[in-house]
Amino acid sequence: MNDINVIKKDVMHVGEMASGAALTVPVYRIQGQGHGPSVYIQANMHGAEVQGNAVIFQLLEQLKHIRLNGDITLVPYANPVGCNHKNGEYTLGRFDPITGVNWNRMYHYDDTNIAAFAKAHQTASVADIERAFKSEMIGQIEQKLNHNIYGLTTGQRIAYQLQRLAHQADIVLDLHTGPISSKHLYCPEYARASAHYFDIEHVLFIPNGFDGALDEATFCPWWQLQLAFAALGRDFPITRADTSQGKDLIIKESFTVELGSQEQIDLALALEDARGILSYLQYQGVMASDEFQPKTMRRYSCMLKDYKALYSPMGGMVDYLAEFGKPLPAGQPLARILRMDNYGDGEPLHAISLDHSVIPILHFASASVNQGTELYKVFSKYSILT
Amino acid sequence: MNDINVIKKDVMHVGEMASGAALTVPVYRIQGQGHGPSVYIQANMHGAEVQGNAVIFQLLEQLKHIRLNGDITLVPYANPVGCNHKNGEYTLGRFDPITGVNWNRMYHYDDTNIAAFAKAHQTASVADIERAFKSEMIGQIEQKLNHNIYGLTTGQRIAYQLQRLAHQADIVLDLHTGPISSKHLYCPEYARASAHYFDIEHVLFIPNGFDGALDEATFCPWWQLQLAFAALGRDFPITRADTSQGKDLIIKESFTVELGSQEQIDLALALEDARGILSYLQYQGVMASDEFQPKTMRRYSCMLKDYKALYSPMGGMVDYLAEFGKPLPAGQPLARILRMDNYGDGEPLHAISLDHSVIPILHFASASVNQGTELYKVFSKYSILT
Amino acid sequence: MNDINVIKKDVMHVGEMASGAALTVPVYRIQGQGHGPSVYIQANMHGAEVQGNAVIFQLLEQLKHIRLNGDITLVPYANPVGCNHKNGEYTLGRFDPITGVNWNRMYHYDDTNIAAFAKAHQTASVADIERAFKSEMIGQIEQKLNHNIYGLTTGQRIAYQLQRLAHQADIVLDLHTGPISSKHLYCPEYARASAHYFDIEHVLFIPNGFDGALDEATFCPWWQLQLAFAALGRDFPITRADTSQGKDLIIKESFTVELGSQEQIDLALALEDARGILSYLQYQGVMASDEFQPKTMRRYSCMLKDYKALYSPMGGMVDYLAEFGKPLPAGQPLARILRMDNYGDGEPLHAISLDHSVIPILHFASASVNQGTELYKVFSKYSILT
Amino acid sequence: MNDINVIKKDVMHVGEMASGAALTVPVYRIQGQGHGPSVYIQANMHGAEVQGNAVIFQLLEQLKHIRLNGDITLVPYANPVGCNHKNGEYTLGRFDPITGVNWNRMYHYDDTNIAAFAKAHQTASVADIERAFKSEMIGQIEQKLNHNIYGLTTGQRIAYQLQRLAHQADIVLDLHTGPISSKHLYCPEYARASAHYFDIEHVLFIPNGFDGALDEATFCPWWQLQLAFAALGRDFPITRADTSQGKDLIIKESFTVELGSQEQIDLALALEDARGILSYLQYQGVMASDEFQPKTMRRYSCMLKDYKALYSPMGGMVDYLAEFGKPLPAGQPLARILRMDNYGDGEPLHAISLDHSVIPILHFASASVNQGTELYKVFSKYSILT
């Protein structure tokens, strides 16, 4: 196939290490025809969650050949500190090694002015609102980055620069993985129609609450704006599903896509993952093709409040038993915990189960757990997505 | 001197490691005559902040000989995971190595029922209120510890067991240290009169907001209760200063005492620190002595919102220059940052200063900083405590 | 089945943490009839290599029912520091976190006096030699443990106490795992006949050189003694294969058994592993059964000097491709390395291959590697074990 | 003062991280008149030992103005992995975080061919020998770097590239620090006369044994060559002191200079340290000045075998008492160890002392120690350097 798109590459400077070594992030851009939604995709914000980089590789390999309506920006290796941080053989994944702060909890969100903004733009056109609101959000980020005499943390400086790119797009995909995990999708409640277009069996619906992550940082403002307009009596659709007429359509959707397990690169699997993402992008009109159709599969959904962590009731070594992604009947063991120190004068094996049916989604990355280590995350209540 | 008190020792089981090794915490108790405020003192919640253990040693050595009105409970080595967690030569101090969560942000606070409690006890006696409210708080902790099928994190299990002890006392002191630091005191705003009785020159006044720490977890409920009674028109004093008459007096005060720098044990200094604490306890009537008087010193205070972290504007190696605890004039350097990689074709030395006067309180523990590492914490606005 | 053996349990004190918490190791003993070789089996010296604990569990479950000739001592959780040491989600496995010294390189071996010992015992009976030599070895350990004013490192104190137990046995099995790994066996060259009795397809023959590990620390002295006797013209057999007559038989064999991948507990697999070990022990006459026969399988062997680490020629993220345990033809890729930062203006994918056939045995635990990280270990020359 | 020297700067590529980020090291060079010994100085091979970078800064500031006979090469930030590796607040200093191997134990030394080389050059001129031997050593390094299909470890790749620079110089200074430490100097026994010219009170004499460090890797070959010539009856002086006549003089000296404590940058102190180094360089004829004279001070020396680590006999928290650098009488306490868990039913304070006089040189960086943690390093036998 011939390449029909030019892929433009920039290197973004996001920080400096003690030696003066620059922290940089590569940014790839493909320009569309200017009439579809624009897209921002990043990967590897958590150091050990590397598969998204391979997915971006496969996306670029595909996108070279596809005529695009909207622009696409792709950022692998989004976190150059986390990505390179080894502690023992593994990559220290989830948090700044100095402060312990989760790298994916440092984005910016401030809803103070949204109600006022809505009031001021009550009768403005959708296009004007979009332009002004985007400008407002990006302005806040610029302010944080450039006008703060006390400075920013290492993680904020990285996160804000990524967020500045993300705010320019209509669709934001943040590629993550679990520790040892099945695929699952974090989807804002208002965008549930879109969950059918990813090839992912497990969907978490998240409410309009900001907890620091990129998906929230990019959809909460628009959701909040929608609510503010609703309070003023104006309908302000932000998804394709909301706008059957299609006129005045803007799309504002953000997802965290959990691709499976961390510490693994699998290029063959990445191609499948890429095709699932392209299926969603095609649905949104990002490209004019009809090549990428979602797979038929049973999809389960769960509300975020029902997505529960099960903390180990004891220290020990864990034989993880439960199959991911399938309902596990009440009383069936999720795991057995070995306690060799109890052999002979106590109970060396302990079955771990729950008194209700759950869908196990992921488990801890190591067999060794302390009392209170997160053993599993499960859909504690779930339904079939229709 | 003869010992006049018996020191009772218990070992509290707070968790289990993967090998099954028990995580235990020693608890020391001295019984008073039953008519003064009771006291809870713990140390070393952050692994590297060890000096509090030496202060508890010196407190016990003193308290053996002092006739007490109220009971005192002392808990060194409060966090047996953090205390023993080495990573390289240093103690990984501040957070759970698995999750990154700060060990001192896991205490429990839920103010949902306080207004209703106040209403229900609007005309109750102070003693009845105290008893019922304590019971309510401890009940919540018991509930968390014992009735949660999804379990608790490692840090919650430790924190809640300590908090259960702390709620039983009228006065709570949580002994910490900074990284490389001067002494300073976190004091709730309502207890500012007490700040004169510790031998600590720098005082931070903290508002009625819960951010997860033990001091807040123990004073916020009472402060909130006071506000709830005030809303109902009842005066509900909780400090000695508020109750000139002394009748119906209850004292509810909690402090985080920052003893200086981490990773250091100094038994001689610990004796001084212990005497400063005894000065405060004597003021509160915990013991009948007049042996411990606060030192005369200039004390500076700062509101928590004005206690600012200065994040490094660049990566590099830091020659920390500013003297702790003294106002530093605007424009004077806090530090110089060396950037040898710039030698010859850039600027190898950078002075770090602020455009207003501050009091430097602590600085980062290492000379090597990334862009965005917390260099200093300073009182950005301050006044002399009177 | 009825238990016919009593399993005796002791707790060995091997050190103390900063908080004073005792470091302990459980020791299980089953007594035989007194006429077969005695056995010492330990597991989990490296923190992340936990599967050996499950194998010891399954061994104990089996051994309860089997009439034994010789005594067996089993030690799970051999290293209570490593076992409980988390850094991020994973267990910091291989070395003392303070010093970096590999936990399995701290055993004791001193061959200074062996030639003299042989000379002094040139005409002694085998039984007398065995008794005297064992006593000599244990004496050295005692000396180290108890008579050293400058003390021992944390790791030496643990290792020496384990070694003291191991020296009392005729057969020593140290249960390890690789990072992500096939099963393989470290076998001293002189004991090659025994390699057929484990159910392990890949065998490394190790020479008479001490590099700090337990297997070497326990077989090198006997091998060296054999050589010293040989230099004096005396034949001193130490394996069953060497003593066709069977009279004056002593058996001295030590193996490191690599059970597969680290950070995993699998009780079903552990039962298989246990049966393979029992097959070897039955061959050696430890028990009177004929229940445990080695599986028929193609076994490959490789000399230790030909067991090569392949270090990554570049930084990047690795898609590991090679199947473990099968000869990989020259030029076939072991792995592909993704370098997304090169996409568009360089080569994003690099195949890693060698110019000769190898058998891949294990690979690195993480997908992220620096230039110079150990990617694979391979048999670079190999033959079929006959 | 006017700059009379041009400082040339290069950036050496020594590796790559997982993200593809280049590991680079800045190399500064000042050219001399071509008739004095050449010098190689590096700093910060251990990540936390940063003060050498400040010393190189001060050396460069001085050297700009000084007419040099020999060339000087200066390498700060020698280890870009270690330098930037944080684990908690501190810099993980001493070893590769993946493997645990000490960064300063990876240099190359192979004495296999030295005897043959000496024989082949028995009658060659000193200049020819020097040229040929240097070329041999550098050739070995090139071979390792460029012709090894199995590759090199991350640390070897860095070390070998530094060593290639060091072999080109006559004088090698490797700037380190202790944890919390007095200044001390590692000096090869044959160069003891030079120890008077550094401003360092404590000198360790090291024998002709290679343990992996840079000083050994650069002086052992020449020392071994000297011995090989001596065995052939040829005198082959390699120090100024050995060659009173001065004709045919070559100087080959290497030192590890321990500048004090790690994790500290002090530019004022660095100027003093730089002047001490310049005093030594002036003595060697590197520059024509007489500006830098060694200070008069009592210098103590100790043989490497008598430089002892004292391992903690117990876990606990340490109040370090002994003053560095002064003989401590037998029985005097080096430290007190606090064991709060023993308070009330055991001994909470333990004095640590030795039964002979020692000079304490450094102690552990943290107050928290396990049983077996290195508490102190001491000169266990010492004499005054004359």
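Labels for the chains are A, B, C and D, by order of writing; each one numbers its residues from 1.
Definition applied: a residue touches a chain if its C-beta (ideal position, glycine included) is under 8 Å from a C-beta of that chain, and two chains touch if they have at least 3 such contacts.
Quantities reported herein were computed from a predicted structural model and do not represent experimental measurements.
Looking at subunit C and subunit D, the chains that touch each of them are A, B. On a Cα centroid basis, the chain most remote from subunit C in this structure is B. Simply put, of B-C and B-D, more C-beta pairs touch at B-D. Our note on geometry: subunit A versus subunit B, Cα centroid distance of 37 Å, whole angstroms.
Between the CA-based centres of subunit B and subunit D the separation comes to 43 Å, rounded to the whole angstrom. With centres set at the average Cα position, the gap from subunit B to subunit C is 48 Å.
Along subunit B, residues 17-21, 77, 83-84, 86-89, 91, 94, 98, 317, 340-341, 368, 370 each make contact with two or more other chains.
For subunit B in complex with subunit C, the residues that touch the partner chain are 17-21, 24, 77, 80, 83-89, 91, 97-98. Residues 15-21, 23, 81, 87, 94-96, 98-102, 149-157, 308-317, 339-342, 354-355, 368-374 of subunit B are the ones touching subunit A in the complex.
Residue ranges of subunit C in contact with subunit A, taken from their complex: 7, 9, 26, 28, 47-48, 50, 53-54, 56-57, 60, 76-77, 83-84, 86-94, 179, 263-267, 317-319, 336, 338, 340-341, 343-345, 348-349, 364-368, 370.
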